[in-house]
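Only one structure is covered here, and it is reproduced in the block below.
Chain nomenclature is as follows: A, B, C, D and E, assigned in order of appearance, with residue numbering initiated at 1 for each chain independently.
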């Protein structure tokens, strides 16, 4: 197997990802796998000139930074820790419905404006090398005037590069506000979609090569797996377009004009990602048609071989059977030339059959 | 059978659910199965501090509660009792078209604003363990300034949890008005869609596992059953999106601003439910394609086995037939080495055939 | 045949129903079958208190009723009588394009506002028991301030119930104006769509039952017939949605506020009818897929039987052929145990083959 | 062959009709077949009372009519004559882009308003009896205040009836302005679409009849041809809807209110034509499915016959082979009853096989 | 092979064209193949009367032309040279996001308005004769008040004709502003789409011809290749419609009214190109269906031949086998007429079988 990508893919994994919301509105209920560990809180606080970083253990520790004019990014890994989420609600004045959506990681991507903050839910997609699998993770963002709180399900390195950029002061990120930080985080996520696209593109290429060599059941299962994966990927990415579009168009107090231009750019990339998934779907669909037609063609070939063999030998076998009969009075039996003549007849029949098949273009 | 879910599914059940409206406009005509029992009326009246509950026998008994500022929830089970429905019309000043829609349980989901009340029709979906079947039931809501009247076809436990919440005073339900009660009822219904989704998700998983083992007619029938079920489920849920969207956008006297935010959340869940059904449909469609391709592949394999057997033995049988002929003058017959040579020839032919099949990758 | 519904269905009938408009704009040209009979004119004139009914022979006889404040319903059966239509044009001041559309029964459903009247075209669908066939008929309505003129192609009983209601004074029809009469006629037509739906629903159920028993060519032809019928039904009903929507939204002098609520209800029913047709189409499409898969499965089964027979006996036949050869020097021939040993060998081969097929799950 | 319609249809003809625009914007470049003949100019000038007709040889000859209040229709046949088109541009003040679109006959249908005139491009479809083929031709209209210039590619009789109507003064055409003349020309074109529809309807009927009799390759090719033809027809007619819709909605100086009503009617007919093409496409698609299923069914039947023959005789042949062996010691050989017993055994086996096939419903 | 067009087509080429954006927003990163050569800068500066042309080596050399009222067209070939792109940014005040989009050649087509300029991205498609392949290349345009900067990936001759037109002063290009130059460049690109359409049209024609002769695996692969190519072409061209539409509708300082009319024309051509691709897709899809049906038909024919042979000879072979048995007591054996009677029986059986097959229409 050239590409281990979908080898590890199992059907059942798709389904838990199609989630359900909670029962009591406004209740913080984590829906993922049970985890024992506590959430990890990481804080970056920066102005154009200064930057300070800290791993804190309670939400309360982040509050002093709020009063300063600097931009504060509180990155929370793990949304299974209900205490932390309730603390966020208390200290940052976050609406219970928002808290609920943060904990419930089966949300659709969305953007909602509240009085004190903007709330964004997105789906992060990345390829985990270890189990060799595509992972979809929910990232929630609470964007206030001078802070951004981000929530991830598990630790990932998608945002590491962004953190490096903030530390090094590269680009314009240190000069702009919390809206640009929001943009930078979302942009990293959208950018990462294309890593997945490249993986899938490799897989399609590999399957196409295999298809030219053979068309067996294993290949079919892999095409099927890829197709289900694309159905699922599309479901995850599709709503992002709406999010971007809403962010761009809606007037609100949290996104400044200078950032709108960047959102427009990000919108383009999201549309491109979605169109690429659609293109992949069409390509996989065409591939499946090719597979089916190839199988039909091969069956046809098998049938021809069978028919040719049967049609060549069945009449001859009959002819042999005739002279194997034990009738007393069979005049041919005693003729000297009967046996060579029989062979001559067999040869003529064979040649005629071959000409017939040639005409039918079966040979 | 791993999952009894669709085992119990029979085709004919879908069709009665695709209903027809009545003939004379504004006539209360129950369209379901005949029932002898009377409707059951259950009343909950609550303020933030107090709560009283009662099972009443006539609609008139609920009227005293109307004049109080408390929120009254009159829950009516059974819409086949035309007298009760007419009473509602008389006492609560409900329009005949509304009464008709309540009794006719084949309505599309909809929301309509009348002068004195808001009228909402929704489809409740739940999985009845006993016959092992998905049930679709119509729930109609009449929402007035300080009351909600709900109509269900048969007794169910979908709303039990909500009743418990009101009794215990959990959440914000006791503090808010009839619009929040409406939201809470509708939200319970939407939430329940996801229970069905989980059942179907289990079924898809099970079918996929079976598909890897065998591709028989029984599996095919189950895929078909699932597909029809999804066509039907989609037809039931789809209009709910419109309902939510209308409720959110239309300005009316019955929904206050504080509840709009919750409606927005419920809208998101409805969209998620619909998208999940669409995703299921695509998955089932992919599964059917996989099934068909698998059947083709197996037929191909069967054909190959047949062809190999036929092509190996038919020439040999012919060769045996030749020397079974009774011609007098067959010089080979009397040769000492003829028989071993014949076996040698047979072996050579067999080996050549095997090489040929090997080259064609049939072995 | 359980259901004679589609038995009588013949392909060619669909096509004449896909009509063509006339050549000279504003010319009254009847396009249906030639008819010798004259149009029949039936008149009902009513107020809340009084009602008078008459069969009249010329349009002019209806004019005296026009000046009275009562509501006049002039029902004309047969649009092949150009004289009658021209009379309507002259006496009621109806536009030539309207007259043309009345006579040309291949129109799309539509609603058009003219200065003096509203013009509505609808498709009536009903099941004619006698030839056992679905009939589509055009109904045109001219709605003035205090009159409604309706045109039907042939006599039908779809509107009979409505006439009874007017006569008996049941419902609100006698109390309201010509707009409510228009609504009542259109509603009767929409209601009748559901009769057809029920017939089709029965047919689908029947076909599904047959499908479980056998998958023969006759069943296939019936599925095809049903599918064509649904294509056609959809084409007929679809534009009705637009008509209803336009009637509801457009402000005009002919529809009063009190009737708008009823139109909204009728709109819902029309949408429901259209959605039901779509659902049927999907169900029939799923049924066709099931049919095809079932045929594939059966072919597979046939192939397996053939292959098993061939693979079991072909090697044995060969083995028998070997010892049927007449070579002089065949040592086995003369051995005492040869014959029982031969049978033993045959048995071993057979058992091995059976084990092989068992492993392949062909048995 | 019942219907020569598609017999004459060849695949390659579709493709040249899918055209390309020119390279230098505003250049008059004819793209069709080279023609030697000059364009023919025919002029009709009429008021309600008078009418004069003339065949002129240069565009300049038509100018005197322009200053008169009468309506002038200049009908130009042949757009390959660049001189004539340039003359139109010079004398009638027509924009170069318009001239280019007139000469380039691969345009999409469209309507464009210029300062002095309205420009309309439409596709005329008609059935040319001589080669037995559907022809698509571009008709361009330049509509000024009191004149209409029409351009056709080749001479046709689609507009002849209209000319007769003008000559005879039938209908309202002589009483109304150039906008009604425009409508009358366009309406003739739309009307002609239905002639094509009828031809196709006949063809579909014919193919359906054939399908019930046999399902051979010739029928398949004809279904394919029809399908390609419909793809093409749809591409030609589809944009006409937009044209009609724009003409109706846009306010401009060229279309008066009295004509708008007629445009609305023509819009309905165009929509009807498009919907009919869509319906045909669905019917042909259903027909193809029926064809494929029928082929599958027949293959199944062939397989059954083969399997029954093989399964009946292969065991018997084996049994005969057994007693054809030449072993010395075969006790059965010498028994008196052996031969009749052998026949009895053969009969029993045959009966058992027949019962087996009966049970499987293969007989 | 009649047409080498798709012969050279290989699957893997599609995928690199589905690109990914960069990681750090506003970074100029070239994504194509590494190139050593420097970008080539070509400058045309013209007024209605004068024209001067120059190949320059740095962006700075173009600055003197900026202050003159003449129109300056700076054509840059090669976007891999980051220095040149940064120079453009510095000297022409171009936004970093624009620079990034210029270098990243996997952009979607788009139009963006900035303060000082309009930015347009388009996809150029052309057929490279040398490798015999369709190439897609990104062309970016920066349109200022009196200049246009164009960026191409590699040298091509699509714009050569335009340059000639400017040099010769043909058409209106020398008289109009930078917006008309922008239009002229874009129009050249759109026009070139039709060259590709013609190539594909030739290919479809060729495949259809082949399909009538044979239906082999090679043809199937070519249909598949064409289908993938069309999926990709559509993805490239589709967004151009949006670009044109935005350019026409949006009010901005860069497009004057006199050019809007030309944009409208270009929009029509773009829509025509897109519709042609859609039509091709439908035709290829129909072709694939025809292919599959043809394969089914041929399989059917093969099966019939096999079945006829088997059914004719298997019973006869059995009959021969019977009289090949060595039973002592077989009365027929010794009868004089047995042998001729046997042949008579064989003939009768054969005739009966032939009649049977004739009835089934297999012969």
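Everything that follows uses one rule, which is that contacts are C-beta pairs under 8 Å (C-beta built on N, C-alpha and C of every residue); 3 or more make two chains touch, one makes a residue touch a chain.
None of these values were measured; they are calculated from a predicted model.
Along the shortest chain of touching chains, how many steps lie between chain C and chain D?
Shortest path length, in steps: 1.
Keeping to the contact definition above, tell me which chains border both chain A and chain E.
A chain counts here if it touches both chain A and chain E, and no chain qualifies.
Hey, what angle do you get rotating chain C onto chain E on C-alpha, to the nearest 5 degrees?
Fitting chain C to chain E on C-alpha atoms yields 145 degrees.
Between chain A and chain B, tell me the centre distance in angstrom, where each centre is the average of that chain's C-alpha atoms.
Chain A and chain B have C-alpha centres separated by 26 Å.
Suppose each chain is reduced to the average of its Cα coordinates; what separation in Å results between chain B and chain D?
Spacing between the chain centres: roughly 42 Å.
At which residue positions does chain E touch at least two other chains?
Where chain E meets two or more other chains at a single residue, that happens at 292, 296, 299, 303, 306, 310, 314, 317, 321, 324-326, 330.
Which residues, counting only chain B, touch chain C once they are in their complex?
That would be residues 11-12, 14-15, 18-27, 95, 97, 101, 106-108, 110, 112, 214, 216-217, 220-221, 224, 227-228, 231-232, 235, 288, 291-292, 295-296, 298-299, 302-303, 305-306, 309-310, 313-314, 316-317, 320-321, 323-326, 330, 332-336, 338-339, 342 of chain B.
Which chain C residues qualify as touching chain B in the complex?
161, 165, 170-172, 183-184, 187-188, 191, 194-195, 197-198, 201-202, 204-205, 208-209, 212, 261-262, 264-265, 268-269, 271-272, 275-276, 279, 282-283, 286, 289-290, 292-294, 296-297, 299-300, 303-304, 306-307, 310-311, 314-315, 317-318, 321-322, 324-330, 360-362
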